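Here's the structure, in structure tokens; my notes come after.
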Amino acid sequence: MATVGLIEYEEASPEVRQVYDDIMATRKVDWINNFWKALAVQPALLRRTWNGVKEVMTPGALDALTKEMIYISVSVTNNCEYCINSHTAGARKKGMSEEMLSELMAVVGMANQTNALANGFQIEIDEAFRNSGRDS
Amino acid sequence: MATVGLIEYEEASPEVRQVYDDIMATRKVDWINNFWKALAVQPALLRRTWNGVKEVMTPGALDALTKEMIYISVSVTNNCEYCINSHTAGARKKGMSEEMLSELMAVVGMANQTNALANGFQIEIDEAFRNSGRDS
Amino acid sequence: MATVGLIEYEEASPEVRQVYDDIMATRKVDWINNFWKALAVQPALLRRTWNGVKEVMTPGALDALTKEMIYISVSVTNNCEYCINSHTAGARKKGMSEEMLSELMAVVGMANQTNALANGFQIEIDEAFRNSGRDS
Amino acid sequence: MATVGLIEYEEASPEVRQVYDDIMATRKVDWINNFWKALAVQPALLRRTWNGVKEVMTPGALDALTKEMIYISVSVTNNCEYCINSHTAGARKKGMSEEMLSELMAVVGMANQTNALANGFQIEIDEAFRNSGRDS
Amino acid sequence: MATVGLIEYEEASPEVRQVYDDIMATRKVDWINNFWKALAVQPALLRRTWNGVKEVMTPGALDALTKEMIYISVSVTNNCEYCINSHTAGARKKGMSEEMLSELMAVVGMANQTNALANGFQIEIDEAFRNSGRDS
Amino acid sequence: MATVGLIEYEEASPEVRQVYDDIMATRKVDWINNFWKALAVQPALLRRTWNGVKEVMTPGALDALTKEMIYISVSVTNNCEYCINSHTAGARKKGMSEEMLSELMAVVGMANQTNALANGFQIEIDEAFRNSGRDS
């Protein structure tokens, strides 16, 4: 059970409804998922978070599916069950195939392993990587 | 200073040199970065990890650059300095522009925020997300 | 199901009962929560952990509610479900309002985001922050 | 070295300068710290993050110092060096004494320990904590 | 529900069955646990991961039980429920007593606490520890 | 630079000196490492943490070296530089060979990988693991 009461559309204030309407219009769905219903306990938190997610996830130099897969990578590493489930669903809706999902997981798994090895052995950053490939 | 002695090509055993040669050939570079020189303290660890990384990072359903950006997402979330620097350099070499990097960071930052919010409010997974978008 | 058998008051040794009694007396409750019943498999672990928690959570330069909210911040970032639920309940008992809870989550969420950004861009610590505000 | 070029005030676009000006005015300082200079590589990221931090850190149901200490708790748990240093400095400026800092650390340390114990023993959430203290 | 369909022995391809057979032969069991059934969605991921786990967990300079306990330590710190449960079961099968489990948890808990304290106070590494005990 | 002033033996209060003396006597060394000098800013934190570490690290059902390696496993997963360096040095002093260190790292790396895979695929715990091997 969530630690706060979820706010349904019917009981929502006009300010909250406006965000809910924008979520449904932007995503072309007719329902609001629990994440937003929980954030609605503080309308400013709801509005700011939704506007941020909307802005960040809009296709730009990276396409929408790539962004969803990055979202999944972070959520897996943080072990956020809600986010893994919702963004895996979101990525599928945007075209992620089973092959793409399993390759994504293979990379996420490998990265978690080599992160541990690099930290565990306290490996010094090579001179060539110190500028992370920036021209300088 | 690394917790183990880095093994240079000159002092490496034939088994280790074989892996080093494959790394340089595969990446079309003429040097070995510290990560592999540390893993070489256990040749089996070096070989297995390199073969895994090579296999995982080969373009498949996901292209090489997308895989590098996923690697970065995990490394940032785990805060592995070595990995952030080396894979940011790697992604640039594969074509990541400054715009792509800043969009990548924007998604990684937002995902870390909403992961915390979903966990913090202990939000229940919506029925629609429970199958993570799988046909069933 | 816990990985160890929970030890109920009735079956507890005198050493464990003494800690259980102190927990109930200190918290003014008439039951023991599962956390302590699990730790009781090693009486020394139970005693040491309880004495530590008791000492640390006693109001000092920081009041009891602030300490509970700090506890929640850590538990959310680590995603400890047990701890999020028990300490959110504990903080409410000590006076945390719904407004305080949602502001707390807003800060925790924002901090997780900017932590990722600072690490992701590998931002150097400014000279002025190097002493973390200490007189020197 | 940061993975992106820091943008100094002199070379900044009008859009970025506007945010820099607001940061200096809000914080009553005459310089911009590296975090914002890195985010400025993407003006939308800079603006959104600053507006978010400003909104979240404004005193409300929680005072400014409590919010800073929550920020520190998260940053320590994530091990973000930049954030630990900058927010410890920020908290001191807002009145955090050495006693408060050491009590804060004592709580953060204890929470990290008991989080591990609760997860490690896979302790079930007590019925009484399932609603996290909410009226229901 | 897993985000991918679990692949049962009966429906598995010859390539997957070969790995399943090796898992059962190596572990002297007559069933396959869900972890491998999920990885089987990508036979290369299944094969590589199993071969890696098999190689790593083979007794060498460290015995099998010590390796299982190290696996648990990592799984607890990452809060991987599946892994905590399966490796605690695995360690018991290899001889871990209740006393050993509770001592293991005591160390894991304490390490998580002192990790937070060392990071929180940003303590400099002593000269004597800089070489991590290596002869040099 | 640490966020608090390190307290040297010469300037320490009798209460702090008593702990310092016990640390040196227990470890058979003639110096105090920075970790304790930082914790000494709050004598109660110093005393409690030292007593806890001393109690936990005393050989019992697990020997001293196994405990050090568990400590390293957690520290690597949390990426605590101070702790990785100090406990790797500590483990070496207690007899950890280069072979043991590299096997330890191989297990820690593999566990971090499979943790991510189990979480990423949201794999259900098998019935047989639900009791984590407990008799029931």
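A, B, C, D, E and F label the chains in the order they appear, each numbered from 1.
Methods note: contacts are C-beta pairs under 8 Å (C-beta built on N, C-alpha and C of every residue); 3 or more make two chains touch, one makes a residue touch a chain.
A quick note: this is a predicted structure, and the numbers were derived from the prediction, not measured.
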Chains touching both chain D and chain F, listed by label: A, B, C, E
Both-way neighbours, i.e. chains that touch chain C and touch chain B: A, D, E, F
Centroid-based (C-alpha) most distant chain relative to chain D: E
Chain copies touching (chain B, chain F) - same or different residues, decided at half shared: different
Equivalent of D-F within the choices C-D, B-F or B-C, defined by over half of its residue contact pairs recurring: B-F
For chain A paired with chain C, centre-to-centre distance based on mean C-alpha positions, whole Å: 27
Whole-Å gap between the CA centroids of chain E and chain F: 19
Multi-chain contact residues (two or more partners), chain B: 1, 3-4, 44, 49, 52, 74, 76-81, 84-85, 88, 99, 103, 105-106, 108-117, 119-122, 130-132, 134
Residues of chain F that touch chain C when the two form their complex: 1, 3-5, 44, 48, 51-52, 55, 130-132, 134
Residue ranges of chain F in contact with chain A within the complex: 72, 76-77, 79, 81, 84-85, 105, 108-117, 119-122
Touch list for chain E against partner chain C, complex: 79, 84-85, 88, 98-99, 101-103, 105-106, 109, 116, 122
Of all residues in chain E, those that touch chain F in their complex: 1-4, 31, 33-35, 38-39, 49, 52-53, 56-57, 60-62, 66-67, 69-71, 73-78, 80-86, 88-93, 97, 99-100, 103-104, 106-108, 110-115, 117-126, 128-134
Contact footprint of chain D on chain F as seen in their complex: 3-4, 41-42, 44-45, 49, 74, 78-80, 132
